[in-house]
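Consider the two complexes below, in which chain A is the common component and chain B and chain C are the respective partners.
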Partner chain A sequence: MSAEAFQRRPSSFSRRGRLLFALLLAALLSWISLGLSLEDLVPREGGRSILALFMEGALNPAFDYEAASVPEGTPPLLVKVAGAAANTLLFAIAGMSLSLIIGLVLGFLGSTSWWAAEGAVSPLGRGPLRKLMPLLYAGVRALIALMRSVHELLWAILFLAAFGLNNFSAVIAIAIPYGGTLAKVFSELLDECPRESARNLRAIGAGPIQVFLWGLLPRAIGDMSAYSFYRFECAVRSSAILGFFGYPTLGYFLRLSAENVHYREVWTYLYALIVIVIVLELWSTKLRARMVIR
Partner chain B sequence: MTTRLETLYKARPKNRLVRASVYTLSFLTLVTWSSGTIMPGDLFTSRRLENLERFLTSDIIPYPIRESGFEWGVLWTWMSELFLDRGLDAALATLAISVLAIVLAMLLSWLFAPLAAGNLATRRPFDATPGNDTVLWRALRFTVRAVMILLRSIPEYVLAFLLLAVLGPNHAWPAVLALALHNSGILGRLGAETIENLEPAPLRTLTALGAPRRSVLVAGVFPIALGRYLLYFFYRFETCIREATVLGMLGVVSLGFYISDARGKMFYDEMLFLILLGAGIVLLSDLLSATARRYLRAAS
Partner chain C sequence: MNSPSKGFELAGVSVLYEEHPALLDFDLRVRPGEALAFVGPSGAGKTTALGLCNATVRPTSGSVSLDSEDLSEAANARLRELRARIGFIPQELGLIPNLRVSQNVLAGRLGHQGLFASLRPLLRAGSAELEKVLAILDRLGIGEKLFHRVDSLSGGERQRVAIARTLYQEADYLIADEPLSALDPARARETISLLTEVARENELGLILSLHDIELAREFIPRLIGLRRGRVLFDKPAKDVTEDELAELYRLEDTDRVS
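This part shows the complex of A and B:
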């Protein structure tokens, strides 16, 4: 290590140190402004009995309904759980498949690969329309920002107000913010990947779509798939939560059971969700190790 | 030429897992769209289209404008009144909830990460000789990892919903704790991965010189891993703000509370305004965290 580098180090650490200090200070200010007290962390009488029931349920999840009698024709609890879990996956998969399309199209349009001096790979061709490119680019970036800055649950209540309850609007509620996030990450990945092959293809006369498909995409696709799979995990959680707004996913039944103080049933639904998420996470860790080329 | 292409094609890297995953996911997608549960056509029935028309042409138009016969001049007064009356306070509360939660998550993850890292949580840290990894250490790492995976697999929203029942609704703890717990599971995992990817040589030197585990941790691991870790930290901070907005819908006073309040009263104009305000805060926090990340990159 050179003397110069050695001298630089302490200052670089103190820069991080300053940031950490600022964070801790901000947290303290937040604490004060929210008026939180440590006493409130100790549950009161009612809360304590609920906590006890909840903890009991964790070790002893329900395999049958807790209510003494259920209406005639109610399916067994485990069938209901399986159905809710299947619906959770259905909504997540449908949302992801739409958001992948959105993400690919917008990510492609929103990447600066088009603008680089060597590129001149404009999707609007070389004609007079080319002048509109900066406008198109700015429009796409703004659209991406708007899509992802509104949470999926807020999209969901917007669509509930606009269309009323139907399954497809839950799917778009997932697809819009996820599509925006995928577009942002895809465009960054496309911009970061090496450009030689794209440039060479361009030099031998390939069109913009061909350059994208054979020059850029293959270099970024490993990272893109790995990230998409990670988002799929998140989509499953989002889809479960959408149940809180009346869609037939795990959240719906979980909420009902919790409101009836049937915490053993709550845990059955929770375990179903946890198992799905863990399986997906293990799968994606295995996949990532194979796909991301380092 | 053709034979050369064929040889190249045959020699392409193949992987069973990747292939099986592609088939499985395509199959599941096909099943999903043909199951009949999700029908795009549902959106375009005449009743829904009528609903949509009413929503767009009347519901979301700010009411003073509707009342005054589309006099757009009053828009500004309406917006600033709404903003000063509840928007600002709610926005600040949302920010406070997420800052406190993410810092708590950070502190928790500093506890988890060193205990879950495969190169640190062993008999002798950063030692690659066989026999270093004992059953007890392995059990410890497994337990910590299990706790973290449990924490991050339960969504914040569900955690907050359950904590609300236990802690009561009159304060922000349920939202803060839900966000902190969920994110500690994520940050803990990322922190453990960061430690595992550290260059072992300088740390091994420290151990060889006789430094105890805590010194290696404080003087070696922490300063070296901090830069990378903080990058992850700010990524999570962005999501934390988004989630803090939404958690209000359960009854904690953040933006979501007023959003769901407006929704309950069917004041969709107000609801839309508050949602857009939330989007503004998210964009602002993205900017903030991007700046912080740039500041950090410049430091390393």
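This part shows the complex of A and C:
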């Protein structure tokens, strides 16, 4: 009997070996077909001076305009940087708050834990409608995939064409792909979190949304908020880049300064972005410590 | 709380898990306020029998009813109402570890509440509700833990939180799956004594599964011996003979499959 068990030893090595080989091959092929060579990273004659100028700016960011003269009534550079940073945050917050709602709703609908479990009471009831549950689930997963497979810059191009350069175009351009990504990760976190509290609440008569809010959400909320913080950081960067389309965020001014070869100003804007990200990081670390440890 | 009810009635129930029988042709009547325990080796069908009573396990054949109402035919909303009358403490207690004791106890009444009514206790419970919770916790000797997080409590304290939740639920029955399994002997005795006492005080029907046959005989008036999905005996604890117990726990090669 035990000899038989030994015979059934999984042939994991060969399968793992094959997978590893395929991954290595894919990496190698991509490098070869793109013709990547480290020589490409050696700057050319003209590029070298630009690079030097750019790196110099890093050590010596601007506190005032580099241009000899600026038009009458232009605010001081640092005021402009602060305003651009505030706008960057505003777009990120507006986009993120919308995507959190999308992420929570679709994440709930896209997780299997509230309907596939034994004895579960699904939102579609226990009658014949229950047979539609896999369909609803598949539809939500497809929607989530669609939302996040298009990058926020592409959404922005679409909405700018449709609605023009208004602030809402930028906010939903962020909210859609971010909502999709949050929904995917939320649904997976909800599915992975231990279900015994949820099962128990269900057994004493709680409805599906109550089970979700009381039994699942509290158990996943730590990981969910950590991930949301990370996404917020990404939203700040996206919001800055949306400035390239003309929104008054850091990207807009960064681009203008770069076009004028005012690299010291570029670095001032970059440092503002870096400071925002660092402050967010510190804040999230503090919050997480309070949530997890105790 | 005790309307003229007839309690649980299971008639000719079989439960198959992918052809593998967990319970076969099982009959049971439980009167309101009665205390009974399923005993028997692992894999005998004890947990399945408990699950039938709160409709978390569906019978493959036969019927399960509470006060003459068929559980497997109850619609969604009605099923919730019926489940709200039945407290349940699973083996792993089913508490929410990163919520406070108060919130865990307040969750006991979710089955009685609509969605919006149940949001308030999660976010900010009223003083009247909290006082009620505190009175129950005091009765169980852990009143000072009201606002502690459950994951900061000891195993015995958690067990009491689970009992408190059922009391706050104001259920008619309490089903507990192996409530003594993770406890040392002294604490096991204390817990079963507390369970039976609390059940008697609150006129709760008590339906347990137990592996500790000595404590079961001492504290529970009616024992049902289950072996390989069949009832070996169903009688007052004092009438259970040593021969019957030997038969109940007799080892066979196939029994080791849990």
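Here are some notes:
Here is the rule we use: the second predicted complex is superposed on the first by the 255 of 294 C-alpha atoms of A that agree within 3 Å, B and C clash if a C-alpha of one lies under 4 Å from a C-alpha of the other, contacts with A are read in each partner's own complex, and residues count from 1 in each chain.
Quick note on the criterion: contacts are C-beta pairs under 8 Å (C-beta built on N, C-alpha and C of every residue); 3 or more make two chains touch, one makes a residue touch a chain.
Worth saying up front: this structure is predicted, and the values here are computed from it rather than measured.
In this superposed model built on chain A, chain B and chain C take up the same space, so to speak, and clash.
Once chain A of one complex is fitted onto chain A of the other, the partner contacts of A:Ala206 are limited to chain C, with no touch recorded for chain B.
Contact with chain C, but none with chain B, is seen for A:Gly215 once the two complexes are overlaid on the shared chain. Within the superposed three-chain model, A:Leu143 lies out of touch with both chain B and chain C [touch as defined at top]. Judged by the touch definition given at the top, the superposed model places A:Ser197 against chain C, while chain B stays out of reach.
In the superposition on chain A, A:Leu256 makes contact with neither chain B nor chain C. When the two complexes are overlaid on their common chain A, residue A:Val105 makes contact with neither chain B nor chain C. Once the two complexes are laid over each other on the shared chain, residue contacts for A:Lys286 go to chain B alone; chain C is not touched.
Once chain A of one complex is fitted onto chain A of the other, the partner contacts of A:Met133 are absent, as it touches neither chain B nor chain C. Of the two partner chains placed by the overlay, only chain B lies in contact with A:Asn87; chain C stays clear of it.
With the complexes overlaid on chain A C-alpha atoms, the stretch of chain B that clashes with chain C is 1-9, out of 1-9, 55-63 or 235-243.
Residues 291 of chain A lie in contact with chain B in one complex and with chain C in the other. Listed in rising order, the residues of chain A touching chain B in the complex are 12-13, 15-16, 19-20, 23-24, 26-27, 29-31, 33-37, 40-41, 43-44, 46-47, 50-51, 54, 87, 89-91, 93-94, 97, 145-146, 149-151, 153-154, 157-158, 161-164, 166-169, 171, 237-238, 240-241, 244, 251, 254-255, 258, 266, 270, 273-274, 277-278, 281, 283, 286-287, 290-291. Only residues 118-119, 121, 125-127, 196-197, 199-207, 209-210, 213-215, 218-219, 221-222, 291, 294 of chain A touch chain C when the two sit together in their complex. Chain B contributes residues 15, 17-18, 21, 28-29, 32-33, 35, 37-40, 42-43, 47-48, 51-52, 55-56, 59, 92-93, 95-97, 99-100, 103-104, 106, 149-150, 152-155, 157-158, 161-162, 165-168, 170-173, 176, 223, 226-227, 230, 242-243, 245-246, 249, 259-260, 263, 268, 271-272, 275, 278-280, 282-283, 286, 292, 295-296, 299-300 to its touches with chain A in the complex.
For chain C in complex with chain A, the residues that touch the partner chain are 51, 54-58, 75-76, 79-90, 92-99, 107-108, 110-113, 115, 118-119, 122, 149, 151-152, 169, 171.
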